[in-house]
Every structure is written in C-alpha cells, then in structure tokens.
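A, B, C and D label the chains in the order they appear, each numbered from 1.
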Amino acid sequence: MSLALDILSVLAISAGAFFFLAGTVGLLRFPDALTRLHALTKADNLGLGLVVLGLLPRADGALGALKLIVVWLLVLVAGATVSQLIARVAQRAGPAP
Amino acid sequence: MPEPVAVSTPGGALLVWALMFPAAGALFALALGGRHAERVVLALMPVGLGLAVAIAARVLRADAALVYVVGGWAPPLGIALRADGLSAAMMITTAVVICATGLFARAEFQTPQGLPEARAPLAFWALLLGLWGALNAVLVGDDLFNLFVALELLTFAAVPLVCLDGRADTLAAALRYLLFALLGSALYLLGAALLFGAYGTLDIVLLSDRVRAEPAAWTAGTLITVGLLAKSALFPLHLWLPPAHAGAPAPASAVLSALVVKGAFILIVRLWFDVMPGLLTNAAAQVLAALGAAAIVFGSVLALRQARLKMLVAYSTVAQIGYLFLMFPLAAGSAGPASLGAWTGGLLQAISHACAKAAMFMAAGLIAQALGHDRIAGLGGIARALPVTVFAFGLGGLSLMGLPPSGGFVAKWLLLSAAIDTGQWWWALVIVAGGLLTGAYLFRVLTPALTGGEAFLPPPAPVARSREAVVLALALISMLLGLLPLASFGLVQVGRADMGVTP
Amino acid sequence: MTIAVTIAWAFDALLAATVLAVALWTIVTRETFAAVVGFVAFGLLVALVWVRLAAPDVAMVEAAIGGGVTGVLLLGAAARLRGVEAATAAEWPGKTLRLVTGALCAAVAAALAATMLLLPDPAPTLAPEAAANLASTGVGNPITGVLMAFRGLDTLLEKVVLVLALIGVWSLAQDSQWGGLPGPQRQAQPDQSLVFLARLLPPVGIVIGVYLLWTGADEPGGAFQGGALLAAMWLLAMMAGLAAPPPVGSRRLRLVLVAGPAVFVAIGLAGFALADAFLAYPQAYAKPLIIVIEIALMLSIAATLALLVAGPPERMPPR
Amino acid sequence: MSETTLFGLGASALVGLGLYGFVIHPEPLRKLLAFNLLVSGVFLLFGVIARRGAAVGMGGDPIPQALVITGIVVAFAGSALAVGLLLRLGQKTGRATLRDVPSPPGDGTTS
C-alpha cells in the first residue's frame, strides 16, 4: 500500500516538475505575451496540481491535506485573474514583443 | 572570568520614561489631530526636560551609569538601556534645543483658523516628538540592533521635516538625504550582523568584553563607521547636508543641524570607545581626524562662497562636524589628562555647537522672514531692524569661531591643548585655521548686517519679540557654557569606567 | 542518505545561482518596469532561501512584505514614473567610474565573504537561552517569544517607526488635499476579472490572516505575517474599486493606526506595576497579554502597510 | 561546502551587487531597487548566522531571525517614504532624477 502511494507521489511530482520546466521554457522561447501566458498557466494549473497531488499522501492528517488543496485553489484563482489582466494589457499595447 | 549580568540600577526606570513619553506623545498627537498635536508637544516639553535633568542628576550622584533591563530579560537574550554621563549630557542638550524649537515654531506651525487640521502643522509637531524619542533612544540604547531601529526612527522623523514646504528643490534634498541615510543604515546593520556572528551578542557592554582584534571585528567596525559617517555627514559624505538643512523650515533646520547629525556621531564614539576600545589604532583614529580636518577646511571655504545665509549656516555645520572627529586621535589610547581633556572637549563641542547652531538657524529664519529673502548681499542694515536677532546670530558665531568666553572656546581650547600635549601639533594647526576661516565667513555676514544700510529700503515684516527671545536664550546658553567651571563637565566622563577606562 | 544530501545541495546551489542571476538582471536591465518585475520574482526566490535556512517565519514575512507589498509599492511607482523616465536615460556614469565602483563593490563582497568563512566554529548561539526562557512567556514559537518578550522593545519602536513613516508619506500631500483620500484617482471601470478576484479572495485572506496570528503563538506565523496579508486584501479591494480608502483625517482611522503601538505601550508600562519591569508580563497572564497585543498590532500593521502603499492624499472625498 | 557557506557567499555577492546598483544608477527608483537587493543580502547574512547557531532542536538561532523580521518591516517603511518622495518630485518636475533640480525663482525665500 505504502509502496503504491510512494510510486504515485514520485510519478505525480515528476510530472508536475516536467510541466513547470516546459512552462519555463515556453516563457523564455515563445514569441509574444499571449503565448507566453499560455505556457505559464499550464505550469501553474497542471504542474502545481500534480505536485499537490503527489504530496497529498504525505500530508500529516486531513488538515494538512486540506491546506495543500487550498494553496492549489488560491494559486489557480490568482493565476487565472492575473493572466486575464496581463492579456488585456498586452492586447491594448498591440503586438509588441 | 564570568561575564557580568546586567541588572537595573535604582532610577533606571527613568530611561524607559524618557523613551516612552515622546513615543506615546507622537501617537497621541496623531490620534487627536488638529490643534491638539501642538498642545501635546507643549505639554510634554517640561516633562522631557525634567526627565533629562533627573537622569543627569542620578548619573552624577551615583557616579555610575544608569542601567535598565527591559522586561527583566538581561542581555544577551534581552535588551538593556544604559545612560552614562555622555548620554545624560546629550539628553539635556536635546531637551533644551527641542523645547526652544517648540516655542520658536509655534508662530510658524499653527493650524489656520477655520480648519480642523492642516498638513504641515500636524506633521511638524508629530515628527518633532518622534525625533525627540528617537534621539533619546539613540542616547540610551545599549544594543546595536535596538540602536539600528532608533536610527531609523531618527531618519524617518527627520527626512519629512526637510520638505514640509513641498517645493521641488526641498523634495530633491529630502530624497537625497533619505537615500544616503538608508545606505548608511544598511551598512551599519551589516556590521552589526557580523559582530553577532562572531561574538553572539549585540549588547555593547558584553561586546566590549568579547571583541578581539580579528578580521570580523575589523570588517564590522569599518562597515558600521562608514554607515554612520554617511548619516553624520562627515566629509566626503556630506553632499546631502547643505541643501537639506538650508531648505528646511527654520525650526526644522535647527533640530536637524543641532541634534540629528550628532546622533550618528555619538554612535561612532560609542563604537570606538565602548564597543571596541582596543581596536581604535592610531591609524584609524588619524584617518577619522583627517576626514574631520578636511571637513573643517572644505566646509568653511564653501561657506565663505555662499550667496544665501541659510546655505552659509548649513556649510558651517559641515565644518563644525569636522571638529567632533578630531577627538578620536586625541582621546584614544592611554587615559591620561590629555585624553580626558579631548573627550570633554569633543563632547562640549557637540553640545555648544548644538545650541549655537540652533540659534543661528532660527536667527537666519527670522531674518529671511523679515526681509522676504536671505541673500547675504541684501542684508545691509538688518541689525538696525532686528538687533536682538543679529546679536544672537553673532553670539552663536563667536561660539563657532571658538572665541572666549563661549562654550565653543572651551571645547576648542581643550582639543587644542590635547593636541599639543600628545604631540599631534598638526591637529592644533587645523583647529586654529578653522577658527580663522569661521571668523571670515561670519564677518561676511555681520559686516554688512551691522554697518550697511543703503540697500535697506523696504520696511521689514514684523518679527515676534518672543521668537527673538528664544533665539537669544539659545545663543546665551552656548555662551554661558564657557563660563562654567571646567569641573562641572565631569558629567561627561561618568560611566566610562565600566568600559575599562579609568577616569 | 547521501543521495538526499547531494540533491539538497544541488537544489541550494541552483537556488543561490538563480537568486543572484535575477538580482544581476534587476540591476543591469535598462527598463525600470522590467527591473521591478524582476525584483518581485527575486523576493519570492529569497523567501525560498529563508525556508532552506530553516526560518519559515522570516520566509513568510519576506514573501509578504519583502517581495509582495514592497513589490506592489515599487510597481505602482514604476508605472506612474513611466512618462518621465525617458528623459533620464542618458545620465549613466562613464565607463571608468562604473569599473572603479564595480571593483570597490567586489572588494566589499570579497571582504564579507572572507569574514563569513572565518566566523568561529562552533558558532555562538542564543538558541539554548531562548529555549530555556520560552516557557515563562507562555508562547511556543521562539520567534514570537523574541519579538514580543525578550526583545519586545525593538518591536515596539519598530511600530512607532511605521507610524512616523506614514506621517512622513502623508506630509507629502498638497495643502489643499489634506484630509482627502490617499492615492491617485482610480480608473472609472476597473477590470472585471480583478473585481472578481477582489470579491473572492478577501474573505479567504482574512481567515488565513487571523489564522496566522492565532497559530503564530506556537507555530510559524504571527502579527506581522497576518497583518501583511490583511493589508494585501485591503489593497486588492481598493485597487478593484470595491473599497474606498478612508480619508486621512478620519478619527476612526487614526485610532486604528495607533491602537497597536498604544496597547503595546500601555501593557508594557503596566508591567511596572504587575511584573516589576517595563515590558514584563506576569507569568500567569503572559500568553493572553501577548495575544491581546498581537491582535491590536495586526490591525495597526495591516492599516499602516496598506496606507504606506496607497501614498499621500491626492483627491478629496466625493460629496 | 555546507549550505550555510553557500548561502553566506551568495549573500555577500548580493550585498556587492546591491551596492553597485545603488551607486551606479542615476534614477532614484533604481537606487531604491538596488537598496532593497542590498538589504536582502544583509538579512540573508543574518539568516546564515542564525542557521549556523542551530541548537537544542531549533533550526536556527531565533534571535537573529526575529531581528530580520523587524528589519524587513523597517526597510519597507524606508522604501515607502522614498517612493512617496520620488513620485512627488516626479509630479513637480516632470523628471525622475535628482540632478539639476531648479532652485525656486525667489532665490531662497525660505521659512
């Protein structure tokens, strides 16, 4: 049982790390603000979600697990809003860098 | 040998009150607002003065420093407050100058009729209290980090005073002042961190026991000193001072020039004579004094070339700060009579300059108010219109020049004789030359003020007699300091014994 | 075990290199706005370093104040200065001066590094003393014990520093605007997604802020962290136009601003009578007294931080 | 190399960087940014010193850690005052620099 959970943790966290890496590469390599945002939000939403998923079996108690999920949700909300704001500014500024 | 554990001395609680009455007063001033801010300051002035005198009396009677262990947590875990003779003397000076400033500023920072509250008066009175609390905290602090917080309190109270009039040039001066001060505190904190890393305490008394001559102490001492030099505006870190002190409203200039720069200076004295007395090598002391000498010459020459009275007085501050640093090579080393004299001379210079310079800035403010400008070329005959003010300006000037019987004379005479006694004649030359240069720039002001009269056409705006009286009182204090018998300055020596120096 | 150590070391090295790289970029990049964005990222990375240094309390403060609130402050300043910054681009110092300065700063850094390497081993520490005395403060978090008891005077003076800084910022107003609302006029129609966030987040943030205060007595957290979070929530609501900043003349606002330090001073002075010393707590009531002070401090910190970011009054309240 | 050594060296470098930026940049806002980097370095040095003092089950000496918390708040207050000053200066002069701020036309009608 614990072995299965450990494997799940390793897999999920590794996958999360991969999304963060991909998101960072995208941030650096993509041509304009909108595509860069696209790359970043994948890292935030999916990458962090997978990391949290991987950490859940290791949380100490239900309260700890709940805190982890709240962290993920808060980042989701904040990330989504900020992306909206940046996207709007980028649109207004035109297709500059 | 086990280290001594700090215990509160009788009367130590006075130090807490000296810290808390201005801090609580500033909070009250903000909470009550409007005209109450001024009333809070006026009500607290006698309290503060009384506390300072009481602390000095206790220190003198006990012939030892007052100590208070805050919360009962002795250093190194907790914080102690400590007032030796140096603290007590400077606390009285602070109280006198701030009370005089408060009385002088009433006419300038009154809430206008019909308004519940106005910007400049509220800010001025609240910041004045903050400044007082900060200075007391700097003077009684015995912990390097507590002193850091006190220094920041001092900075944040002082900087906004510079630009209360909201003009672009004073805003720029205030910003430059703030940037210098922030850099200074960062370097100071860096040094304190290294000392903690090396010796595991920030308490000055404990550090004085633990500090060894090694790289950590050297680096820390250098960083702290440079940081504090930026705050005390010693040449070549003085660039921020003249525009800030000259641009501020006259009462603010008075406290900035008289007291705020002295706060950082006192901490440099604490560092080298209390925290690390063994490390004040001759070379280091000579460097500090050389910077001081450069400040005297440079500041005086630039004062000679100013077109505006307040700029002249501000550059004079740059020069007079230089004298303070001459005390390092003269008071360092063995505790002979020369060292005692230099110590007393240096601190007497700080005290008499505080009173004299506050008087001169206030006098310059009154002159500017009467004439509508402060161009030196246009001062002709002002002595006839404002005789008391010009007389007070002149008295302050005599003290800066070091002419008898002023307090400045005794200070410079003590430094001069210490220089000759210790065979460091070059500093004696600097003192004499500085006095001559000071005379030159003062006579540039006083000659037209006393003799001229041709350019003096429009009738000057009236100046309140009471404000002139305040200025005169401060100038007289700086004068009377020189008439006191020398033994009465024994106060400033009290408490040095704890630090391994036998007076 | 050794693999774990190696991984941790590699992580630390990577983290240190990234922090320095971001810092360098912040210094050398030409555009001010970009530099400030870099600074915010820097603040978050430094918070990670604090976690690695086993200082979670500091990490929270660094993330909330060092990176967060300071970031908002500087971003706002950079945005408002965008128009005037172009005129100053040509005033960089010459190459020689830059080289000399660089050499001097490198010397300072080298001296610091050498001093750090030469620090005594084992290092002097006050941890045992703090641990031995923590019980008599009633709190379980040693940082809270230091801030509220052992070195309470620092904390008290620092609160006065904040109040004075706010008076200083307010004193920069124009005379005619005194008594008005802090900050520039917001745009009439704030972005809808921002409004959404400003409706959703503050209830959660307030709960977390209070939780941080409460848990701070025994675990990482405390009045600073909670106060900074509350300040951020208030700023968010102000930016979205959901809450108007209070006029600086408001009596109620003034009372909130001074409540924290005033309660601290009052309980400190009461220590003379109740516990034989200023800022000492009678042992039986130490923890409740500390909590009372922290609650008052949190409110004052939240208001002061938010208003320091909002700036001097720049507009009169709508009639 | 232990983690304290690593971060100690990094913090020293950070102080040097911040100092350089503070001296070199002509714009006050950039100076302020550099100042914030500089104090971050100072605080981190404090943190390394705290970490070196780990004992009796504590991950670090709590005294320097608490000092850093106080220091961060004080540094923020300084930044806020500086930002207030430079924004006001920008409003008044339309420029973002400290050099050549014009004197008032009245030539010194102070007080």
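By definition in this document, a contact is a pair of C-beta atoms (placed from the backbone, for glycine too) under 8 Å apart; a residue touches a chain by one contact, two chains touch by 3 or more.
If you're wondering where the values come from, they're calculated on a predicted model, not measured in any experiment.
The most central chain, judged by C-alpha centres against the centre of all protein C-alpha atoms, is D.
Ranked by distance of CA centroids from chain A, the top chain is B. Across A-C and B-D, it is B-D that has more C-beta pairs touching.
Chain A and chain C have centres, each the mean of its CA atoms, that are 26 Å apart. Chain B and chain D have centres, each the mean of its CA atoms, that are 26 Å apart.
Note: centroid distance chain B to chain C, computed from Cα atoms, is 31 Å. Remark: chain A and chain B have CA centroids separated by 56 Å (rounded to whole angstrom).
Shared interface positions of chain C, i.e. residues touching 2 or more other chains, are given as 112, 116, 119, 123-126, 130, 150-151, 154, 158, 161, 165, 168, 172.
Contact of a single residue of chain B with at least two other chains is seen at positions 76-77, 145, 149, 152, 156, 159-160, 163, 166, 171, 190, 194, 197, 200. Applying the touch definition to all chain combinations yields A-C, B-C, B-D, C-D.
Interface of chain D with chain C (complex): residues 1, 3-21, 23-27, 29-30, 32-34, 36-37, 40, 43-45, 47-63, 65-70, 72-81, 83-88, 90, 94-97, 99.
Considering their complex, residues 8-9, 12-13, 16, 19-20, 23-24, 26-27, 32, 35-36, 39, 42-43, 46, 49-50, 52-55, 57-58, 61-62, 65-66, 69-70, 73-74, 76-78, 80-81, 84-85, 87-88, 91-93, 98, 101-102, 105-106, 108-110, 112-113, 116-117, 119, 123-128, 130-131, 142-143, 145-147, 150-151, 154-155, 158, 161-162, 165, 168-169, 172, 224, 301, 305, 308-309, 311-312 of chain C touch chain D. Listed in rising order, the residues of chain A touching chain C in the complex are 70, 74, 77-78, 80-81, 84-85, 88. Note for the complex: chain D touches chain B at residues 15, 22, 28, 31-32, 35, 38-39, 42, 45-46, 49, 52-53, 63-64, 67, 70-71, 74, 77-78, 81-82, 85-86, 88-89, 92-93, 98, 101-104, 106-111. Note for the complex: chain B touches chain C at residues 8, 13, 16, 19-20, 23-24, 26-28, 30-31, 33, 68-73, 76-79, 116-120, 122-123, 126-127, 130, 133, 137, 145-146, 149-150, 152-153, 156-157, 159-160, 163-164, 166, 171, 190, 194, 197-201, 214-216, 219-220.
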